[in-house]
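The structures considered in this document are given below.
First chain A sits with chain B, and in the next complex the same chain sits with chain C.
Take a look at the complex of A and B:
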């Protein structure tokens, strides 16, 4: 065990932050599963046969938690996210499994992998939302930011039309952006601003579940902090469930309640973040933890579910 | 400690919103960069207009042939008399056609008459009617037929191409695309002849000659307008059938690579309707090249479409131009050329002002 982790363990205990199973607020909800992934396999058809990118994954996401998914590049994290969001494109194909989703609008549960057409469309965003990596060109280059809020809000909640002029600035402010950003086009924004816009759009309809794929990768620490803070606030205040994909174990340490570790498409370890960090069961997990860069003067802290400190520059 | 990455004194460049710069004491120029941009475009437009007209003028002066001797010849044939072209007569005609003096003098006079009076001098086609009047008689027919069919071809072709691209890989879309590829290579007159054969000869429901019923006197009455529309159907349909195929194929080619873009997946994840994604996300990103091409093509319709006009005996600039070239009717040729130059450059100028509205990334000002 590295020095950093030993120190962190002591620090966390002294912080007295309750996490995971010992969290009083979390008591009793642990059994409340919002997404039940069973035997999920996804393959890409390639010239030289099938490439199995996700292998027999069994994973239960609990209502209200932040579930981190870790794993090095190519381990199948994005493929799994795309599959759950039903954005998997050819040559990818689900070769087996189910993903029972229990949103507020359908407590009896729907299989995310089987639902189609308008039923799927209506589930989107209001129940199942997506926070992509900001460096992708996820925003429509020829539409103003406000349009890109308005189209999704009007599609799923047409009654809120009158609210839009106040709702959009509020959402932007929530992620530390000036309301004037609403009138901008994507190319006029920096990468960090675009990521924040995506964050604000993702939460605009208060979904049950947000799938966030590398939402902080390639961002400077300030923007990282805003994104993570917003996710933490959202989880704490609105009980939104978050699947947080990141190859950066430091991000999981800061934010996740539980972590699942993926290796070559398989989930090799799942557990409370504290437990995974302190008693990694798998050699690969240990290596991932050891790869966390130690920043000058600060050790990596395991601080599950704990709100992230904000600076005065966060509007 | 609780948040290791939170420490540090990072500057915050990302917080600067894309808002307009703070209000300072600034001139109209600085506050309205669009103004400066529009003015620059306009000056460039005037300069290229002048340049193109000048080149056209000297080009046509360099061509062999002498309009004056052509006039005299045709008068001899017409009146059967042997007009002994006296020096006086020739000189009079040279003056009348603007051919006296040095080329530079002729050029200055041409420019002056063009700018001040839009006057190109007498035509040979129907001497002594001025060339601009000959052109003016043909112009409405050309604009009517070519203009309307250009718009129709674009709208139909772009819409069909968007759908064909969107549904690529499906049977219907692939069949449509392949049929379009095959037919777009087909000569226009083939389609026109098939249509004429079916609708004029076999069914006898549509006229295939002229622009209106010659028994009617042109005027703004229902009967005449109906006749014009009826006569326009066959030429219009043959132009639109072939013209829209080109737009279909190019739009499809623009849409297909867009389908892999992140912002389309994101729109899908948002749960937007497919029709909205197609129109507001995919097609919206194709407007820039398609509107540009349309705008430039719109300029060229002023050359008329000779094939259409000949096939359907339709009055228009194309036939006028061909007749003028045969007769070496310099003034009329110059007039039509000037009109085409004016139309193309004006379309281009308007495009430069409008395109930034279609795609905010190509702001010309700043």
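Take a look at the complex of A and C:
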């Protein structure tokens, strides 16, 4: 099924937003690609044989883009993220494929699935970073926020120790937090503030790629909007590439440049966001979009009388 | 390990003996000036601040109570179910304070007002097959004549919520998906045919498709069996999909209420507008153009 997929599915975009050019396999590496996932399969060993969670995924992530990965729970999207971050736990294992990563620090490329030890450690946070689920308690409850920044920065970039006193406040401001938050403990912050702290940690070493796994799940809708807004700002201002995993199609519609749809471990469709929403190629994508209850005519701006966006009739 | 509070609530509903007669038909639930204060002194939190509303049976309605975490909506659910004594004010069922019902009235209340909670996993005992959820309900709350009739009723209820009896009966809770577990709670409702369902964030752990199926069943229960639902949620899309009435709660106070279609088309309160503007429209041509000021919210 997946061999029918061209990873650069920009071919037929109706509204004139042409993106990228096709790079047939073997025609030399496309400099535009920061991560090239090829034939990736991941399986979980169970008592009654292997359960394949990710099936022959081929996907190219372009430098600077926000690539949304959509799909319901059980579709394999979180397993894929964990695999790329090398956080896959037993009994899961990579049963095939490669993930060539081309960060600024290693333009010749490294296979994320093969590197180990010090090379992996150097890559983490400084080139490849992670923004965990909004609902997860990813901060150390007994350490002040500044300690948690220092832990990450000193572990992965010890030379920057002298910068810490200026770096931490700057990072906090970048995600819309007051620098005084550095002195707080996690329990003193709201869920939205904690998620913004995690975002600031994720960008602290100026990574090339951030994998964000359901970053707004379990957050209130207004907080979600602010987090998404901040994520979009980061992408625009720093050019960082973001893989955004979410089951919420609304999140992809708002943020993603391209969207890949996963079903039963396989990527069944990938394309420019407008194409995926307006001309879904796969039946499953169509159902996924149709299943969203729409607030038709309810998109009312914060300031009365100013609609957030135009209606449907302009397409 | 202590038993999860939600499990206690369902158990409480079941410790009541089956009422002899389904009297109380037409009974409504009224929340009258509910106040809930937690803690005291400077650390006191006013979780519910003078909330009043009425849930009628005729015609059966779906009334959504919408607000963010910490807005007080779950506390209201617990007050309505008689699980939380309000600091002041009262919840009445058929005109009587739900905390002062006599034995017969209480069993009637517990049979006719059924809870559904956010995490269906928490109310199952992990060591028993899911069948037990039904058999306990059958024994305590219904008057089915024999095991054979009860078994048939259970299977009917499972089919009514689009579950195949063979694929869930005999299984343990962990062997079922979140969507299946939540449907089992709906099958239980189908079996008991209460007058009211108090559903506290029942869909927040479900996928979009599963969620829609769940909402369709609530709607079906309203139309077919005249069940009125208090649907507590932070998800405005679900509220829009369900229709009926909406109450918007912010910091313990109901700031706006009315028919869903009207409130959503022309929200009159700033907070309602903010909520509506924060729902990500599933259309790349309707991206947010204005920014929400971070100072507005935490």
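Methods note: the second predicted complex is superposed on the first by the 261 of 315 C-alpha atoms of A that agree within 3 Å, B and C clash if a C-alpha of one lies under 4 Å from a C-alpha of the other, contacts with A are read in each partner's own complex, and residues count from 1 in each chain.
In the analysis below, a residue touches a chain if its C-beta (ideal position, glycine included) is under 8 Å from a C-beta of that chain, and two chains touch if they have at least 3 such contacts.
Predicted model only: the values in this text are computed from it and were never measured.
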First, second, both or neither for A:287, with chain B first and chain C second: second
Partner chain in contact with A:78 - chain B first, chain C second, else both or neither: neither
Which partner reaches more residues of chain A (counting touched residues only), chain B or chain C: B
Partner chain in contact with A:222 - chain B first, chain C second, else both or neither: both
Which of chain B and chain C A:247 touches, first, second, both or neither: second
Touching partner for A:100 - first (chain B), second (chain C), both, neither: neither
Touched partner set for A:235, first chain B, second chain C, both or neither: neither
Chain B versus chain C as contact partner of A:125, first or second or both or neither: first
Chain B and chain C contact sites that coincide on chain A, given as residue numbers: 176, 190-193, 220-225, 250, 254, 295, 297-301, 303, 306, 308-309, 315
Chain C-touching residues of chain A, taken from the complex the two chains share: 72-74, 176, 190-193, 220-226, 228-229, 247-251, 253-254, 273-274, 277-278, 287-289, 291-304, 306, 308-310, 312, 314-315
Chain A residues touching chain B - in the complex, by the definition given at the top: 11, 15, 17, 85, 87, 89, 120-126, 129-130, 132, 136-143, 151-152, 155-156, 176-178, 180-181, 183-185, 187-193, 196, 220-225, 250, 254, 295, 297-301, 303, 306, 308-309, 311, 313, 315
Interface residues, chain B side, partner chain A - complex: 1-8, 10, 12-19, 260-263, 265-273, 276, 280-281, 284-285, 287, 358-361
Touching residues on chain C, where the partner in the complex is chain A: 68-69, 177-178, 207-210, 212, 215, 234-238, 240-241, 264-265, 267, 270, 273-292, 294, 296-298
